[in-house]
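Order as written gives the chain letters A, B, C and D; numbering starts at 1 within each chain.
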């Protein structure tokens, strides 16, 4: 038997307002304004966040700080999960694991989160981060994340 | 045989300038100035970073964003490792894993990193984050981290 | 303010049969019999599993295989969580992260799991693994784990 | 700018004996014989390990134990990395993180490891595990792993 590489399935949102709720929630994340991140794409089960370089986002070598990378990829994964959650539900990060593959060196950092498995309570996502330098993308980080669906109390 | 809980060993720095090099490097991290974090303690194999609350450090529910938590605990672990590295060596985060135990809700966030194992090339650390609210500390995150020693090329 | 190292709290089980249910469940894990692991200690929020060395538990260098280490520390963490779960609830591992600190070289491997945070749905544990060689314990692995409480359907 | 999903690159082995060295090392892993795992595919930067179901590989619900899943996916990732290492070099798992996506329920477990980033000292891999039940594959686990190249001392 030959095993084919895992292919992302088409996700069907349970909430007709999936896009608006993510865009509204993003505006409430004070830290996104502070660092200058923008919500570049919102699709069912997939979200992309962009972050232009600034000297006040760096670690000691002048590259984007790993915590800044974490900030945008955690939100990209979290909102990717949020697009698939039912109306009224909130999203909470349970944990994530980030491997840094290359220095986050570039004029722009792009984080993409997508859903691997969407369960009733838990959603598992993956995130990839790319540093764009002179227009060329380098895969600089990869994340594995667990989210929890917060159902409204009634 | 009874097994005793792991006890932190006394670490002996290889670099007599261990404290100055960490304090100097911290000043070069642009993001620490942006968010308002300070280096509260530097000891051999242990570093503490403090971060007072500000509305522009939050996620959608008004608590510290997990990425902000990551930012200070990644640096706390990284500098804890750096105190034990030889003169001239730089520190690089290979990966970290963060579990969020409780909302990071409080007037102050404290991240503590300490070294579990210090090898020639790799250093393994643990980080704990506490949210201080009305003076009471809640353990809000725990991290496991791998660092790499970057030896100078000669 | 001085921050004190996190101290394990006394855990109070919700299920009076916490010990028996863990011991009964352990017997159902076929793999524990296969590898020869035993349940050495069961306490509220803490479980210890012992595994004597055998040549058929090894990786290519003759040490315990990391997967064998995972097997006993995943169960130690899982059962540590299970002791605190309500009557009728099952335990499921959501994810774990294992750092290997030293070769698992010895005549005995000891895995200890203990609960860091016990929530209604999720339980976060830590695991430590020690290799005992000529009676001396070496800390050879550390784990961070997320468990889910599986409530019975009614 | 549209960002394309990460595509696996063609890997070029540095060691002409990449396949033989992996197959020889696999035979030295005592635990693979114990559990009945086989090396189903060895390609540059990609390895697949198969494991037929047996009742002595289970956890308390009769599915493959997470530690057994770890055992084969850790080795699949490790050997995927090993195919790309230079002659004489050994491979060591630094750490891995495993998310369990679904019960490992089936007549066969397939673990696939592939290299994400191959550096001089560190190699980052990803692993996917599928449970085959009645011929249908369910994606039951995903792993992110860090390996170290062990250069021979001279």
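Quick note on the criterion: a contact is a pair of C-beta atoms (placed from the backbone, for glycine too) under 8 Å apart; a residue touches a chain by one contact, two chains touch by 3 or more.
Bear in mind the structure is a predicted one, so any value in this text is a computation, not a measurement.
Considering the contact criterion stated above, the chains in touch with chain C and with chain D alike are A, B.
Simply put, of A-B and B-D, more C-beta pairs touch at A-B. For the pair chain B and chain C, the distance between mean C-alpha positions equals 26 Å.
Distance from the chain A centre to the chain B centre is 23 Å, each centre being the mean of its Cα atoms.
Chain B and chain D have Cα centroids separated by 31 Å.
Within chain B, residues 94-95, 97, 99, 144, 146 each touch two or more of the remaining chains. Taken chain by chain, the contacts link every pair, so each chain touches all the others. Across the interface of their complex, chain C is touched by residues 1, 3, 5-6, 8, 48, 97, 99, 101-102, 110, 112, 116-117, 124, 126, 128, 130, 132, 137, 139, 142, 144, 146 of chain B.
Those residues of chain D that touch chain C in the shared complex are 25-26, 28-31, 33-35, 54-61, 65-68, 70-72, 74-75, 90, 92-100. Touching chain C in their complex are the following residues of chain A: 94-95, 97, 121-122, 144, 146, 148.
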